[in-house]
Amino acid sequence: MSGTDILALAACGLVAIGLYGVVAQAEVLRKIIAFNLLGAGVFLLFGVVARRGAAAGLAADPVPQAMVITGLVVAFAATALALVLTLRLHQITGAATVAEDPPSGAAPDPASEP
Amino acid sequence: MTQLLLLAAALVLLTVLAGLWRVLRGPQRADRLMAAQLLCTGGIAALLLVAAAYGIEAIVDVALLLALLGAFTSVAFVMAARLVGSR
Amino acid sequence: MSVVIGIFSAVCVLAGAFFFLAGTVGLIRFPDTLSRVHALTKADNLGLGLIVLGLLPLASGAGVALKLVLIWALVLVGGATAAQLIGAAAAKDER
Amino acid sequence: MTATTPGGWLLVLALTLPAGAMLLGFVAGGRHAQRIALGALAIWLAIALAVALQVQASGAPLAYVIGGWQPPLGMALRADGLAAAMLLTGAVVLLAVALFGQGAYDTPRGAAETRAAYAFWCFLPALAAALAAAFLGGDLFNLFVALEMLTFTALALACLDGKPSQFKSELRYLLFALIGSVLYLLGAGLLYGAYGTLDIALLAGRTRADAPTMVAGALMTAGLIAKMALFPLHFWLPPAHAGAPAAASALLSGLVVKGAFVLLLRLWFWVLPAPVVLGGGTVLAALGATAIVIGSVVALRQERLKLLVAYSTVAQMGYLFLMFPLLAAADADAASRAWLGGVLQAVSHALAKSAMFLAAGLIAVSLGHDRVTSLGGAARVMPITVIAFALGGLSLMGLPPSGGFTAKWLLLRASVETGQWWWSLVILTGGLLTGGYVYRIVAAALAPPAPGCVARAVPRPQELCVLALAVASMLLGVLPLYALGLVRVGAP
Amino acid sequence: MTAGLLFDLMMALAVLGTAAWTLAARTQFAAVIGFVATGLLLSLVWVRLGAVDVALTEAAIGAGATGVIILYVVARLRGGTAEISAATPSRAQRALAALLAVAVGGVLALAVLNLPDPAPSLAEAALAGSAPLGLGNPVSAVLMAHRGLDTLLESVVLVFAVLAVWSMAADHRWGGAPGPVFRREESGPLSLLARVLPPVGIVVGIYIAWVGADAPGGKFQGGTILAAMWILPWIAGLARPPSITDWRLRLMIAAGPLTFLCVGLAGFAVADGFLSYPPSFAKPLILLIEAAMTLSVAAALACLIAGPPERRLPPESMAADRR
């Protein structure tokens, strides 16, 4: 077992932890944090792949590195979007979860359609 | 010299992690903020030591970025903690 | 590299690492938040400062040396500001 | 080895024109954003048409190697028949929705910029760019970025009204979509680790049925079907699609889910090795069959028109998965029919469903509600809208001469020819159930108005946009079959 | 070698430990701290993996910017305890979720450990491909040339995100300035920091962006620093974000992708086609794009952190901001 393998297992562990958090936690905000942990695990896996592809005097394959940089920025944008939606949901309805509403309110009210 | 620097890096990181474990337990927000700050400083120290050990200058830039954003982030956190506290 | 500079660097770096250790021990042993802030700032500033001091002679150029000093200065300013704000917040919490 | 084909620059244009239009509209704002979007979408339709004609004429996929950097290091844009057909569909639906949206999101001269209008006119070209990236992308990571573009656009469009009731279902949608993307990305990482490239054409035929490939395939498939709302991951879709404003619902149900569908096809029939496709296809089709039955039954029982149409999307997406085991069958003719049927189903559903959502939106505006039981009088006030809704419904049911009929007929034939006749039972059952809920709506709309019901007239241009989409989904069924040969270009 | 192995093991355990702690944290505030700590450790892991560019990005965006943006939402969410406990999954559901997570993690581990050896790599090709562009950093070459389309689309995605965030505002707040208002701090450590740090930070940010062509660094990392230096005076109450209808702000956000797009299309006329650079002119063009992108990343990130407009400006300044 090499050091890269250990970090590969850490990436898998991070994915598992993030996935558990996304599924099992109630608050949206914690789901978003868990989503970011999940994403970190995925990126770490790319890092392991890059490290395994070290060649030509480079410490790691640059292509997966470039993908991770792109991915990190996209994940940040996604987080910002999810957070602003969480905030607005909370400001308007006071809700902090995305659990189903009681049946009476479940159907969206189409009366105010433009 | 390289060995010594790496040893020092590992030592710093290890102590910082030990401290992290203690402080993450709280009980107060201030304790947690300190934990993050301690980790940041320790991380910077470790990075500088590793950079010197291997002679990779670029790692110094990572430390520089951490120092700059660390200062910013701790302040941003304290301000946010104030918002939380004022509820 | 001359032996004197090497020894100087080694001593400084090890002393810096020791300060981190001491700070952590303080962090673990001290009973209340304010004294923990105290322990932390010491470890931060002195530990990192000594390490930077030790690494300065090893720097490959003036640019790197400048960066090292800048890093220390940033950590000092940031740490002092944050510690002051944290302390104020903690004092309010404890009241 | 990919080489840039003649006309390959059209693909670049199809991607950059709407992206540039979005950026310009973003800066200019207000009335300018609206003009830029309308102009760009019209040109985009012309480009999509040119791409389709070029692919049809040359009988081979178009390709463009970006920057002259060959894959695996570089990336390529490719347009086979599937991509060209979907691009054209997207362009038609988007332009129709844009013309429809002029009613609700107009910024009159001299008026201040408003939030909804600004967002609407920026996100229409944004959606066009996202669709172009998803349909034309030739690299699995680039397609991940395209998926995220689709998600962001779809979400913003869905929240256009800013209605409180909507935020929860849209947030749930966003979480699903984001997790779907991350799982997809995870699989892509494994594939890169195994093959050192993410270029689809290079991966094709090179993949092995080993552990990393299988796990990657499973993760990416799971992520994509979460985005496509395949049973049992469907429950986010109806509230999210039904809660959005009509124009957005049409785009979400008609186009956005199709982006993930095209990716799934690319993954299964280009990237994954044949044995996996053979085994897994049946599982997907079984889930699709369940979606058809459950989605249709639930749709039949809905009280709200828009929710009914949204559940119908769950069911109709199910049909798309029936092609998976049929394509893997040994019979080449049948496989080719299944391919054509599946893609045609995606296209005709996009046209029909967007028409139905827009029609449902107009009905809701006119009556002030969308309760299915009290739609009486709708047909008198807005006959065109109700006709458009009915035409869309016919296509969903699969009655001749609609595009839906050709699609379902081809799938039916392929399932019988490959000896997998049980899928044909599902297709027929789904058709009957669809007939049930479409009949329910049309019958209710034809009923005399309830006393005290005041129905407002709706703008004629909006009605005509809806009708145009419904007629387009009909015309698809009367097109001579050689015109549909486009879809077969570059098929797996 | 074994020392390195021990180090990797320590880092792996530390990352997993803080991540688990993040999920278990009692308060949301603590969870965010745990998340930032995890991010910090991860950036050390990235250095260990030989990916210094990613370490910079992880520290700047993954830990710093993401942590701050989550925290500012935490600070504004209130209560909802009853709702949360009602929505919390039961013990059985949690066990099921754990089972799912462990299964996915396990299968993934199986797949990763079975990746082919020697691993396929594009390192050599990327190195060879970066030389004609005059770039010393192959990661930048991949980002700007070989996979330039990814980067272009990603910069467009940032504009999508800003627009989406703005469009979540309430209708009557349209045209206002983003984010909450902070009390002005005339004196004290915060105001001092808000005056001292930005000049230094701006220089460092530009340096990190500039150095990206030849060494680890680049527009995203530098842009994040610039964004932070913009946010700092704002939370100290010393500066006010501009109105979202201000065309200068919008142009700043869109300038990067627009420049990238124009240079890309110019490739049709002056080089081998879309996103190809003329050999003798490649580096200046890439630096031009990087400069515009740094500005746009900074503006977009700052806008994403600030959030949707939350208040209207006084009428006279509204008129000035609208064209």
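We call the chains A, B, C, D and E, going by the order they appear; numbering starts again at 1 in every chain.
We take it that contacts are C-beta pairs under 8 Å (C-beta built on N, C-alpha and C of every residue); 3 or more make two chains touch, one makes a residue touch a chain.
Quick caveat, the model's predicted, so the values are computed rather than measured.
Chains that touch both subunit B and subunit C: E.
If you compare A-E with A-D, the chain pair joined by more contacting C-beta pairs is A-E. Averaging Cα atoms per chain gives one point for each, and the point farthest from that of subunit C is the centre of D. With centres set at the average Cα position, the gap from subunit D to subunit E is 31 Å. Averaged C-alpha coordinates give centres for subunit B and subunit E that are 20 Å from one another. Rounded to whole angstrom units, the spacing between the C-alpha centres of subunit C and subunit E is 28. Contact with two or more other chains is made by residues 7, 74, 76, 78, 104, 108, 112, 115, 119-122, 126, 142, 146-147, 150, 154, 157, 160-161, 164, 168, 190, 193, 197, 200, 204 of subunit E. Annotation for subunit D: residues touching 2 or more other chains are 73, 116, 141, 145, 148, 152, 155, 159, 186, 190, 193, 196.
Along subunit A, residues 15, 45, 48-49, 52-53, 63, 67, 70, 74, 77-78, 81, 85-86, 88, 95 each make contact with two or more other chains. The complete set of chain-chain contacts reads A-D, A-E, B-C, B-E, C-E, D-E.
Those residues of subunit D that touch subunit E in the shared complex are 4, 9, 12, 16, 19-20, 22-24, 26-29, 64, 66-69, 72-75, 112-116, 118-119, 122-123, 126, 129, 133, 141-142, 145-146, 148-149, 152-153, 155-156, 159-160, 162, 186, 190, 193-197, 210-212, 214-216, 218-219. Residues of subunit A touching subunit E in their complex: 1-21, 23-27, 29-30, 32-34, 36-37, 40, 43-45, 47-63, 65-70, 72-81, 83-88, 90-91, 94-97, 99. Those residues of subunit E whose C-beta lies close enough to touch subunit A in the complex are 4-5, 7-9, 11-12, 15-16, 19-20, 22-23, 28, 31-32, 35, 38-39, 42, 45-46, 48-51, 53-54, 57-58, 61-62, 65-66, 69-70, 73-74, 76-80, 83-89, 93-94, 97-98, 100-102, 104-106, 108-109, 112-113, 115, 117, 119-124, 126-127, 138-139, 141-143, 146-147, 150-151, 154, 157-158, 160-161, 164-165, 168, 218, 220, 297, 301, 304-305, 307-308.
The residues of subunit E lying in touch with subunit D in their complex are 104, 107-108, 110-112, 114-116, 119-122, 125-126, 129, 142, 145-150, 152-154, 156-157, 159-161, 163-164, 166-171, 174-175, 245, 247, 250-251, 253-254, 257-258, 261, 264-265, 267-268, 272-277, 322. Of all the residues in subunit C, the ones that touch subunit E in their complex are 70, 74, 77-78, 80-81, 84-85.
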